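Here subunit A shows up in two complexes: once beside subunit B, once beside subunit C.
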Partner chain A sequence: MTRLLVWLRQFGIYRGAVDLYARSGLFRGLVIAFIPVAWILVLTIAPYAQMVLISFYERYPLPPDQTVEFTFRHYGSFAERPLYLTAFIRSFVFASLMTALTLIVVFPVAYFISKVAPRGQRTRLLLLVIAPFWISEVIRSFAWMIMLSNSGAVNSLIAWLGLSAEPFEMLYTNLSLSIGVLYLTSLYMLLPVYSALEKIDSQLLDAAANLGAPAWKRFTRIILPLARDGIVSGCTLVFLLVIGLYAMPQLLGGPGTTLFAATIGQIFSKAGDSWPQGSAFSLILIGAALGYVGLFTVLFQSRRRRRAS
Partner chain B sequence: MMRLRHFALPAIFWLFVAYLFIPIIVMAAMGFRDSNFVAFPIQNWTTRWYQSVLFDKDIAQSLWLSLKVAVVSTLIALAVGLPSAFLVARTTGIIRAALVAIIVLPAFLPVIVSAIALRMFIGQLGLETGPTAIAIGHAASTIPFVVLMVLTRLNAMNPNIADAARNLGADDVIIFTRIILPYLAPALFGAVMFAMLLSFEDFVRSFFLGGFEQTFPVLLFSKLRFGLDPGLAAISTLVLLISTAIGLYADHFLRRRRMKNGIMS
Partner chain C sequence: MKIHLSRRAMLAGAGASLIAAPAIIRPGHAQSKELNVWAYSGYITDDFRSRFEKDTGIKVNIRLVTDQGEQFNLLGAEKGKFSTDIVCCAGHRFYQFIDAGFLEPIDMKKLPNWGKIEPEYSDAVWVQRGGDRWGVPVLIASMGLLYNSETMKDIDSWAPMFDDANSGRIAYQIQDFFPIAMDYLGFDGSAVAYKGSPDVAQRAVNTTRDFLISKKPLVRRFYDSGAEVQQMMVNKDIRLAQSWSGPASKLILEGFPAVYTIPKEGGWAFAYGFNIVRNAANIDNAYLFLNALLADPRNGAEMVRSTGYISAITGASELLTDKERGALMLKPEQRQRLTWVDVETAPFIFDLIDKAAEEIRAA
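Coming up: the complex of A and B.
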């Protein structure tokens, strides 16, 4: 390899390019920055810019020989039908509740792995709970469909135990959706919370205990404040994940659990000039979600972190 | 307190593990059910689903498409992510913060919105919905992770090594190929695995950016809306075993490297 590169140096063009790269800061900057900047402009910024533009168009694609008309009516249409507003509010309530539920379920698990389990086993226990991380959202939904359907595992078990002859309607409800979503979100919460807890010096807790601090006080005065940034970033991740969920609510949810992401998806699966409305709704979702998460972060992130950033 | 520590917490942990694994085990078992329907108990067992499902034409095609998309999107993500990481490493202050923010932001926006924004934009690039569009969409979603993984490793690199090579007469190309790339190798390996798996399991982008051909998650999704059958359980089990094995191997690999480096430094 090195020999090839040295051999290449006998060619003037190659040598010139390499020397130019070594000498000219501008050329070096161009070589390094060209692809990233082009990608950011074309595939990160441009699609959203176009989305903003389309959301103000009267119709899209533009009919030929017609001037562009700008309108706010697609944003207005959001408030017109209660269907949209209901799905929107349901999305935010559901995502907030799921975030809280995920934290409640995952925190003791993360605490157990990072503080209670023997040191030598921690990696193994952590691997055990992050193993399902790599399974597709659709496959996870399928697994829970098998568990919760009327002829599924849970209902069969209930019938076999003789608890109830009638199957419980669990699939296509809020219950099945919550169980499935928790399956998806728990690992996004686990990793940040675990790494925050792992950093807490156990001697700090021992010292507090020796000085007579009861367990609940050690929890509220030491563990929670020190794990705060991990909890906040876990909650942010989970909330944004749930608000954008599309496949799982359609597989595990029912007509009564339509979320706003599905509303947007439906608008886009309609043919014709529904793009402006879909764009407006997408931007409403982004704006509201980022605003909500931003407020949450400002309220709960520790002052130390805020000052540092 | 002692009771909480030694009884409740382990109990919660193992309940959580059961919650994670029972559905997967049940699904794997369902793949052995000798019937066309999903139901319990499983009285007659068969391996025919596991044998036949790989030769199902639709499924084989969708898996092949998923694999192709995963490879192409990973190559794109590397081609963009690697120079992006170098660019970030060379900047400082507010420019660096802005650059990192714009590179990482796509990972935090709701997936459905980024898929739709790209779906509306690909026409401007002269693309139709289809495998190329999916690959670009997946690359857009994995680049943030590639950049962060490479950047972490790059920041830990000792700049004296490159300077020493330069003093010994190496030009920038030699330094890049013989020193920087080998140093980054573990991060690149991790990034490749991560990007491939994220692409392979993605549903939303493949759904909105895909054309007539369906990737595996999209095919499974449309089949599941018609009904469940043990054959789908069998193929899902096989796919999840393979992706979990690759994911765990990559994780283990990175962890081991990090530990070794921790001891060395």
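Coming up: the complex of A and C.
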């Protein structure tokens, strides 16, 4: 390696670049930032830019020998058909409820691991919770299908216990979808909330208890305010994940649980020239979701954190 | 060992690398001993593929697809530089592929085994356009009613699909069931009657759409693939469904207590074929493949066993067992109830149906 660097010194360009790197902080910053910035530009921004462009095309893919025409009509078509709006609103309501539910379910788990469990056991417990996430979303969805189908494990158990001869219809309903989504999103809530709770000094809680603060007061006056940033981060992650869910609702959802992402997927998968409409709807969903999350962050994130960001 | 690398040698090496780069990074699909095929699961059997690869030395790369829209969009995205040589079009959709400039007409001189296709299918309207043949029909499918014979008896109508008694036990694929629902309501699902009258067709589609939305609470699931309907039947999540003949036959052959029938209001028939894409990189290999496929009825029988559909290759059905024929073949009176999807009107009516399907799903 050293020999290579010495050998490179014979080239003027290399020597100039090394000297500039040593002298200029700006150049150092540019060199270091080049790869991540290029990564973001090429892999994240470029596809979105392409999607924005396609959303204004009259039709795409273009038939042979046809020229590009631009239009705004695909954005307008969102409002023209009220049924699109139904799926759109359903997605936001579902994502909001699932975010709240995930928080309610995951918070006690995060609290237990960070504050109740012995310090030496915490990593092991976290690993236990994270382990199912090594398996893909689709395979976990199939596992739930096996559990919740009419002849699945849950209904078999109910029948074996003699509770009901008729199977309960759980699969392809809001219930099965909610269970699957909760299972999917819990990790994204757990890690930021755990991280925030872990930082809370336990002596604060002990002091409050010694001064006579009951458990509910310690929770509302100390734990919640100090964990607020973690909760906001977790809710943001979970909401954005749920609003764009496609595979799991396809597998676990039913006719009454169609989310807007599935509607977009159906537009894209149609044999025809409907990519502009799919792109326009995708951008509407992205814009609305980011606006919703932005508002949530402004309302709930602590002022200290907002100032820092 | 010391390596002295002069600047000139370094530049020469870099130049050579640049020149060689296109060859090194050349895509697999441009190589002459390969063939790229997009096909549904089971359409190219492992046995046939092994024999073909052994006999010709051509490696067959298969990309599994799940529907026509997926193939159409992939071809559209590739903008004429297709990564495949052969696609798998349904007879009623191939006009869309031709109009989009994706397909190459079949050069009959390069396909001497064309005569081994059953004449009923080789001369069908859904193979031809503008005097050319645009694909090789390989499998014949029907669309009918599949029901669990333990929980339902002797059904001969589509009416139970709209009956409250079966609430939560019904499944269908929206786009394919839509023409059936149109027929059930007294409209023309083939849209032949609506040629030149798009307003009338739109009204028929809207009425059917509203009817299906009103019946949506009865539906357990809108499925997309044949495997899903099999799975729902086996798990007893549903007791009746609109189904393609392939998944239904396979379910029956595997011993599941089910019946597949064409109800009195009618069902639909269509064919799947292999079509060569325009400017296919390995066009000679594509013809070798199609000739080899048609050459031996054994290939057709193997496809039947892996898909559950009927083979278009002459002599394939004779190689099936009585049990297989029993599960696969429709009774003559049921065969008469089938209507072939009209290739002329299909793109027009499916365009309307696709939009209605989005609305039914979203409602």
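As a convention for this text, the second predicted complex is superposed on the first by the 258 of 309 C-alpha atoms of A that agree within 3 Å, B and C clash if a C-alpha of one lies under 4 Å from a C-alpha of the other, contacts with A are read in each partner's own complex, and residues count from 1 in each chain.
Everything that follows uses one rule, which is that a residue touches a chain if its C-beta (ideal position, glycine included) is under 8 Å from a C-beta of that chain, and two chains touch if they have at least 3 such contacts.
Small disclaimer: the values here were computed from a predicted structure and weren't measured.
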Subunit B versus subunit C as contact partner of A:275, first or second or both or neither: both
Contact breadth on subunit A, by residue count: subunit C or subunit B: B
First (subunit B), second (subunit C), both or neither touched by A:255: second
Partner chain in contact with A:141 - subunit B first, subunit C second, else both or neither: first
Partner chain in contact with A:7 - subunit B first, subunit C second, else both or neither: second
Touching partner for A:151 - first (subunit B), second (subunit C), both, neither: both
Touched partner set for A:70, first subunit B, second subunit C, both or neither: neither
Partner chain in contact with A:300 - subunit B first, subunit C second, else both or neither: neither
Set intersection of subunit A contacts, subunit C complex versus subunit B complex: 145, 149, 151-152, 250, 268, 275
Partner subunit A, residues of subunit C touching it in the complex: 5, 7, 67-73, 75-77, 79-80, 93, 96, 99-101, 168, 216-217, 219-222, 224, 231, 234-237, 350-351, 354, 357-359, 361-363
Parts of subunit B lying in touch with subunit A, wherever the complex brings them together: 1, 4-6, 8-10, 12-13, 16-17, 19-24, 26-27, 30, 37-41, 79-80, 83-84, 86-87, 90, 102-103, 105-106, 108-114, 116-121, 124-125, 136, 140, 143, 171-174, 177-178, 197, 200-204, 207-208, 216-217, 220-221, 224-225, 228, 232-233, 236, 239-240, 243-244, 246-248, 251-252, 255
List of subunit A residues in touch with subunit B within their complex: 1-2, 5-6, 8-9, 18-19, 21-22, 32-37, 39-40, 42-48, 50-51, 54, 105-106, 108-109, 111-113, 116-117, 123, 125, 127-147, 149, 151-153, 156-157, 160, 183, 186, 215, 236-237, 240, 243-247, 250-251, 261, 264-265, 268, 275, 278-279, 282, 285-286, 289
Complex contact set, residues of subunit A against subunit C: 7, 10-11, 60-61, 63-64, 81, 83-84, 86-87, 145, 149-152, 167, 169, 171-172, 250, 254-256, 258, 262-263, 266-273, 275
